[in-house]
Amino acid sequence: MATRHARSAARLMMAPAVILLLGWMLVPLTMTLWFSFRKYLPMRGGDLGFVGFENYVRFVKSSAFWPSIQVTLTLVVGVLVITVVLGILLALLLDQPMWGQGVVRILVIAPFFVMPTVSALVWKNIMLDPINGFFGHLWRAFGAQPVDWLSQASMGSIITIVSWEWLPFSTLILLTALQSLDREQLEAAEMDGAGPIARFFYIMVPHLARAITVVILIQTIFLLSIFAEIFVTTGGAFGTKTLTYLIYQRVLESQNVGLGSAGGVYAIILANIVAIFLMRIVGRNLDR
Amino acid sequence: MTFMTALRAATALGVVAAAAAAQAETITIATVNNGDMIRMQGLTDDFTSKTGIEVEWVTLEENVLRQRVTTDITTKGGQFDIMTIGMYEAPIWGRNGWLVPLDDLSAEYDVDDILPAMRDGLSADGTLYAAPFYGESSMLMYRKDLMEKAGLTMPEEPTWEFIREAAAAMDDPENGVNGICLRGKAGWGEGGALITVVANSFGARWFDMDWRPQFDTPEWKEALTFYVNLMNDYGPEGYATNGFNENLSLFQQGKCGMWMDATVAASFVTNPKESTVHDKVGFAMAPNKEGVSKKANWLWAWALAIPAGTQKEEAAKKFIEWATSKEYLELVASKEGWANVPPGTRKSLYENPEYAKIDFAQMTLKSILAADPKNCCVKPVPYVGIQFVAIPEFAGIATEVSQEFSAVYAGQQSIDEALAKAQALTEDAMEAAGYR
Amino acid sequence: MARATTPRRKAFNTALAWAVGLVIFFPILWIVVLSFKTEGDAIRPPLEVLFDAAWTVESYGVVQERSNYVKHFSNSVIIALGSTVLGLLVAVPAAWSMAFVPSRRTKDILMWMLSTKMLPAVGVLYPIYLIFIKLGLLDTRTGLVIVLMLINLPIIVWMLYTYFREIPGEILEAARMDGAGLREEILYVLTPMAVPGIASTLLLNVILAWNEAFWTLNLTAANAGPLTAFIASYSSPEGLFYAKLSAASTMAIAPILILGWFSQRQLVRGLTFGAVK
């Protein structure tokens, strides 16, 4: 146990840094809160005074609000399910002995390093475009009518793009976790007559639980604020307007900072609800 | 050396240094990544050699540019000495006092040579705030060979009824030809602009004189229904996401019988290097519904403006005078040919016999002249603008409205649903902005 | 120990894994291919693109002529490294105190820090822009270094916190028994043990800062724009643009891709906040 002297010295030494850090992070939060109670229209003279909860009421009453919450949650859950399930399968595959394992792993993790703007642009134009895009050509080569993915399957397309960006992340983490699995345990189970499916569910899944938790937690933080992928591809059309995108529309397209800030406060509330929910459901795994 | 001489020498040095600094003045220009602007960027050396002023370019995609310059102008950030803005922004920003008035341009610049419609659209209360770099209206482009095959002749001023008939005759899915291609992509400057001019040509308007949205009127319903039926029957698959670029590509590959869009497209579809149908394209006026006095002509210009408060106003004015001058047009013509000159801004260009040889020149001029930004619609309106409404809230509203319409084009909701939602959300936004 | 694997099974695994890997990598591969084609060829059907169309570096030439790649690239490097190093300087003491002198509130503070990352940036664009004007930070690399440092700070603190927590307390006890003061403790005992953690934190944050595209676009003009601003001048202009977009994209992602490949091991550790070993 540290001496009382060391403890207080440490606190004293660290306190300024912590305070500075928290202070810095409070600035945008305070600003958002402040503007959310003001009528702030940059194109009409800026800050036009206090309006109470008007912005909050208007933001929720807008016909776009509840759909945007739904879209946000669909996107997050969709990407999480895809990346976790495919991530496990991919990790199992990459864990098998093979030739050129290092190269394959490099191929699989590459999308994680691509700027979100670039991946959205590439998917929208070079892959999904029904006229000149790769899939358009592919469909025509087989005599099929090319599909206009971004309008006909808009949510699916965006979930695909985002999953493509995050699949490397989940795969890499799950693979690392898998490699630390005790082989002898698996072999013992095999001797005892457990089939591959039983081995998977009774030995591997519990072992991976902590890694899956980490994947879900970290991805959720980034997925809740997804923006570039929607801005570049659909611009919020065809039922792909997330809460973040709705706030963008209010602030920059409609030039109503007060209204957008109220939306920002809702976004923080949503984020915290999700965070608490996640901590309850999966967070226990972290403390083991 | 006495103290005073030293001081004098130092002052002299300072003056020299200041003069040198003035010589090496640098201005920063924000612009959009369209072909004509990229060409201007390439010709900057001509300007620098004439004036000694250096130019730094910030070239951005349209949506990003708009967001970037709007932030800077509303906060008086002063990051740019010249901004490339559209006809939508110019009057709003000018009225707010955010732009330097361009009322003292030199005599050689000949401001009266600029087409009146362009000047009106870029002015607020009679003062010009931005100089047009290129201007456009909308017109109909069609395939002469396919019309002939169908046994039809395109009149110079077709009606929507005739367009439907011609689209039916030219539509040939087996050979990959769609009767007609039109924008459906969400966004106020894309599909939003197109459906607005179509509606105008059916007698509709965005707002009545009391700023009440008009989506619940029969004119809007008729226009939207006509458009949707026309495109569902004879338009390309997935037209709900086609904007200018997508349609251009379709037309260039011979996949459209007709295409109504920006007049600047004419130089792309007749360019032998890019277009497989470059020698088969005819031009006609934008259509109207039989008996309606307004045609589906829009009016747009990309223009150069100087934000108020810049330290380099003089240098910026010099650049604007250079880039939007008659000499600049000649410079481009001498390097790239007359077809590549930025069109639609100056009367003298259309009086130039060399330019008149280009077959879309006259139709472009006629289309621009048919557009009146102060008088968009059959019924009176309280706003300036044709395919847009020059109020700050419009971009946000119209983007959301056009998203509702695009959902109709993609078969995801009915026309009535979309119009009802458009009406509700516009009313809500106008109320929030304090109009009603 | 390795399980016995028949060669046939190994061949099957290899084929399947390579197929999946190539599918995932395909979009990146394809932009590299298209970047070496002319605009007209870039929109042809894939087989024609591969076997008919000539290879050319024309698009790279056009991009090079139009934009100052070197300037954007060096801005990206400076901003990414600068913000990360600054972030570490602020975060190390904070994380240290959280890890070694925890209070009941530590977990709550950490959770709250993460939740601020979900604050939509666009909501505070105008106020931050105004502050930047006042401080003269607009279009400066210094300004971006500060902003990106602040944005990524919660992640940096989190990562460092979990690394520091893994350092066994007994070692500190032992050092103290030997008479080490706080300074010696940090300098000679903790720092060496924390180096791998700090390194992977650094790496991840360089990637995050490199790819950040909202603030880097909106707070810069002619001087400080990094590669995200470079890309914004090649997306969706009029006419054909696939080849130029591909060339610009390749130039923007190549440096970070190469860096990432060389350091994937540290990355796993870094990304999972040390939860997975």
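So that you can tell them apart, the chains are marked A, B and C in the order they are listed, and the count of residues begins at 1 in each.
Just so we're on the same page, a residue touches a chain if its C-beta (ideal position, glycine included) is under 8 Å from a C-beta of that chain, and two chains touch if they have at least 3 such contacts.
Molecules present, by chain and UniProt name: A, C = Sorbitol/mannitol transport system permease protein; B = Sorbitol/mannitol transport system substrate-binding protein.
No experiment lies behind these values; they were computed from the predicted model shown.
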| item | value |
| --- | --- |
| Chains linked by the largest number of contacting C-beta pairs | A-C |
| Centroid comparison with chain A (C-alpha atoms), farthest chain | B |
| Rounded Å distance between chain A and chain B, as computed from the means of their C-alpha atoms | 37 |
| Interchain centroid distance [CA atoms averaged], chain A/chain C, Å | 15 |
| Sites on chain A at which at least two other chains make contact | 42, 132, 252 |
| Chain B residues counted as touching two or more neighbouring chains | 67, 71, 74-75, 249 |
| Shared interface positions of chain C, touching two or more other chains | 43, 125-126, 232, 235-236 |
| Chain A partner contacts - residues on chain C that touch it in the complex | 1-3, 5, 10, 13-14, 16-18, 20-22, 24-25, 27-28, 30-31, 34, 43, 45-47, 90-91, 93-94, 96-98, 100-101, 109, 111, 113-128, 150, 153-154, 157, 172, 176, 182, 207, 210-211, 213-214, 227-228, 231-232, 235-236, 241-242, 245-246, 249, 252-253, 256-257, 259-261, 264, 267-268, 271-273, 275-277 |
| Residues of chain A defined as touching chain C within the complex | 2-3, 6-7, 9-11, 13-15, 17-18, 20-22, 24-25, 28-29, 31-32, 35, 40, 42, 90, 93-94, 96-101, 103-119, 121-123, 125-127, 132, 134, 137-138, 140-141, 164, 167-169, 172-173, 176-177, 180, 183-184, 187, 210-211, 213-214, 218, 221, 224-225, 227-228, 232, 243-244, 247-248, 251-252, 257, 260-261, 263-264, 267-268, 270-272, 275, 279, 286 |
| Interfacial residue positions of chain C with respect to chain B in the complex | 40, 43, 65-67, 125-126, 129-130, 132-133, 138-139, 217-218, 221-222, 225, 229, 232-240 |
| In the complex with chain B, residue positions of chain A that touch it | 41-44, 46, 58, 61-64, 129-132, 145-148, 150-152, 231, 234-239, 241, 249-250, 252-256, 259 |
| Complex interface listing, chain B residues touching chain C | 28, 30, 33-35, 38, 41-42, 56-62, 64, 67-68, 71-72, 74-80, 244-245, 248-249, 264, 268, 274 |
